[in-house]
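Supplied in structure tokens, the structure appears directly below.
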């Protein structure tokens, strides 16, 4: 039984289907990257897993149960947000941000809190003296480390990281990604890593799920997906990423129209589009061990 | 280069804020040849955007240009009076901003945002200006009917294309692009980058391309300059940039980009954080974070040529 | 035009609330409204007049909703009842020209303070950080926080009593024959200087601060930077880029203050006994002329709702994003 | 600097009123001299139509006026904060309903409603205070709601939920601390509103003419046509007292407002400068 099972998750805002039929699972200590462009539904999925947003359809099972009470769920599933300047309360000290979860989940008493806060800051590579500071006195990188320390205050089993490094300077990003990896190794914490940057998903290793138009269109080991992508959209994504080693870039199809409501969401931009694609959503097709994609073209190749 | 299109000499810009003056650009010199794409890369706070705004003298209080010259086709822009400055703006130097949504006037139709700059500089009638606008739209792949829409009615990609078209309205010699694709998704970024390359080959304008994304620059630029702490620390041809990069900061930066097809080696990034611009450290700004730092680094390293068209400001990599 | 229907509905709702409130006002009085009404005027009114009065206000001892029904029917027929202090003239007659005078005084003072205030505010924003910019806002704020009626009294005392430069009050002198002639117009103007002048003095601060804050916001926008980068002429940049965007929030504020013309001006009209709706409301209150009071309150509220609706319609034309 | 000046004036006024028994031992109503005597050594601010000492009235009357202004200011601010926070935090239907009520109260004209209400209800400071509170909170509710809504979208509120905080605790411990400066600035503004509106009502004769306050002093000045008698001190003294109080509160408000919205104070370019400095 996996740590987290997401079954047929869906969410609509008015008539817009932000997320449709999203299903995947996560094991302890595993990093799964949810990759997609803006509007693909990756953040909405993340917020549903972190119980900040109620799903319209489908459900999220934590250790097999869909009815874990609020506080217990929070002690096992935590979240790190994208905007380092928005995710910390400007009117509160860093110490306050770390003490609250410790007390709420009884990981420390009021008396032990200061040492626990100091330990947390050291774990994320920050000087404990920052506890008395306010967020505006810290740099973007430091704030994001405080956000990670806050998530780890409750010793969670899973951390949902929604674009944790996209607003940081390049030279500081790697530091935070390495920190996430180290915490995964030392504490066997699973990460659901939301990003639009395919390269950073590959860097963290683990599995990768590619989202487009609210659907998960391909899934599999990060190295495999970035090496031999099966789905045309994943190929398009990889071709578009600036790659200094590859030199000149290949031509890219141009979006020709709005996303259709039926069938595969990628029909508007897909070079392999057929009538079948326009009417029915491609089923999940196995490409190799642990590597699958949803594309009618795959079906034909495998027969 | 004798026949440089743009020659910036010893340019400095200070922000006279509340906590003393911060030198955002510190004695920067570089040149752009006609038709060349010079990439300018650096992280936030390195002064690249301030430099971009300083060249066409668009800086406003509290930013002040404190030294240097900016020669365009031989004339120093900093000396021009307001009237002549306005006459060369857009006709010779145009700009594309990062977020086209904010750069386009929200309450004005797209057509008039083309027409007003065309008519100001060419005196054409409104009808003729709108015809020119339609040509520009087709040039960048926008349906001319869109000229009647307002900016909020266009998609992100379309707005950025419109901004590009407006920039090319008067066939300027130099277009300064300040992070033009940073706000776009990677697929859309690829499309706009191909658009820019195709237009450049056709119209032959030079580009000062400013971004934090070095891999993007290596694909599109002819030469790349790296900025840190308000100074240019290295400048080299793009083709061999990956292998020939010498300055410790540039190497550190290149080692911070995970790539699609690497063999999984661990990257380190650069520890520490950028220097304070209010009381900048003496000598080389990168010394505090540099693994090769030594006492010599307390003096400002000269910007010397270490290979043909390849210069760097670092004692360790000097001649 | 999705926003407009919703706004129209809102104004209808606000109108309904005002009408209902107006119905319940007399019933707020301690004891039975009819008896209090009768008591205050028992001397001058005959028995049938009193009964007519009761019917007019649906104050018969029928159930509340029936009273409300008769009240509404009278309202729709435009019969706002009979003035008590000037019995039996109908209220609409008593009000008569009040609406016109209020509108004149209101428009003059609002438009003047808007124009002067906005220009000062725009200049303060344009020359941010200069000495002018550090003086103008606090002075404007200080003047704005002056209690209006005290300033009016002071002005009246100095200009009218002490130096006798301007008339003591009223809308025009008794010695002038009202009509569309120059003399009358000049006299009206002379009577307008003090009331309008004092209102302008007090409200100019608000406009300075509003335009300054809006302009500072607009001047930081990228489209201003692009307009300058395009080498457009300064009038073009200031006009169709800066002002055209800064006008939007200011316009809503202008709408609100024009709306307040009918309400806020009451003190001005009282101090200068300027015969607008406000002054009449004051007279009605002091003479306990409830029907007149209710009619004036309703007229003032409806006029404000109409003005706000007009402003909303105009705003939709100004801002394409809202269309 | 501005707030210091504002604070000083306010303190002097408040102290003078508190020390009324010392400064004017025989109370405001004592008619000890002739009518409309000009300011003199005996009567610093002269006497009014009934021969009462204007200075005594000013000091004793100030108590009533300031107390009423403070209570209305605090009252409207409390209602505004409560309504604003509730609407912002719970959103949805509650927010729609509350916003509708707020907008209606804002559109229905304030002063005429206040006057009509005051006319129907028994006159006196209590009525004035109650009427002002009923009609004075709406703008504040809209202001606080807007601020709270913008804060609520910020990630640190979602982060507090993820940390397991309960809703009420999120409002009190995370949302409110960011609102103090806005609330304080609004409170200053409301005390000024209460003082000026309250005195205006008393000036119009809707207050209790028997009790001395700055507003009633102006009422009697108008009633005794002090104006025509040239007895300027009878209305300039209360008028100036109100003006100074309002002015000093406004200065305090301006300083507070500037503190909460640095863009107003520092020149626009500084925003870019601060970005450069902050990263530097």
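We call the chains A, B, C and D, going by the order they appear; numbering starts again at 1 in every chain.
Throughout what follows, contacts are C-beta pairs under 8 Å (C-beta built on N, C-alpha and C of every residue); 3 or more make two chains touch, one makes a residue touch a chain.
This one's a predicted model, so the numbers in the text were calculated from it and none came from an experiment.
Geometrically, the chain at the heart of the complex, using CA-atom means, is D.
Highest inter-chain contact count (C-beta pairs) belongs to C-D.
Annotation: 54 Å between the Cα-based centres of subunit B and subunit C.
We define each chain's centre as the mean of its Cα atoms; on that basis subunit C and subunit D are separated by 22 Å.
Centroids of subunit A and subunit B (each the mean of its C-alpha atoms) stand 32 Å apart.
Residues of subunit C found to touch two or more other chains are 128-129. Residue positions 44, 61-62, 274 of subunit B are each in touch with at least two other chains.
For subunit D, residues that reach two or more other chains under the stated contact definition are 267-268, 279. Of all residues in subunit D, only 154-156, 158-165, 174, 177-178, 180, 279 touch subunit A in the complex they form. Listing the residues of subunit C that touch subunit B in their complex gives 128-129, 221-223, 225-233, 236, 240-241, 244-245, 248, 318-321.
Of all the residues in subunit A, the ones that touch subunit B in their complex are 37-38, 139, 141, 169-175, 177-178, 196, 198-200, 202-203, 205, 223, 226-227, 236-249, 251-252, 254-255. Taken in their complex, subunit C has these residues touching subunit D: 10-11, 13-14, 17-18, 21, 25-26, 28-30, 128-129, 137-138, 141-142, 144-151, 153-154, 156-157, 161-162, 213, 216-217, 219-220, 259-260, 262-264, 266-267, 270, 278, 281-282, 285-286, 288, 293-294, 296-297, 300-301, 304-305, 308. Partner subunit D is touched in their complex by these residues of subunit A: 47, 50-52, 70-71, 74-75, 78-79, 81-83, 86-92, 100-101, 104-105, 139, 147, 150, 153-154.
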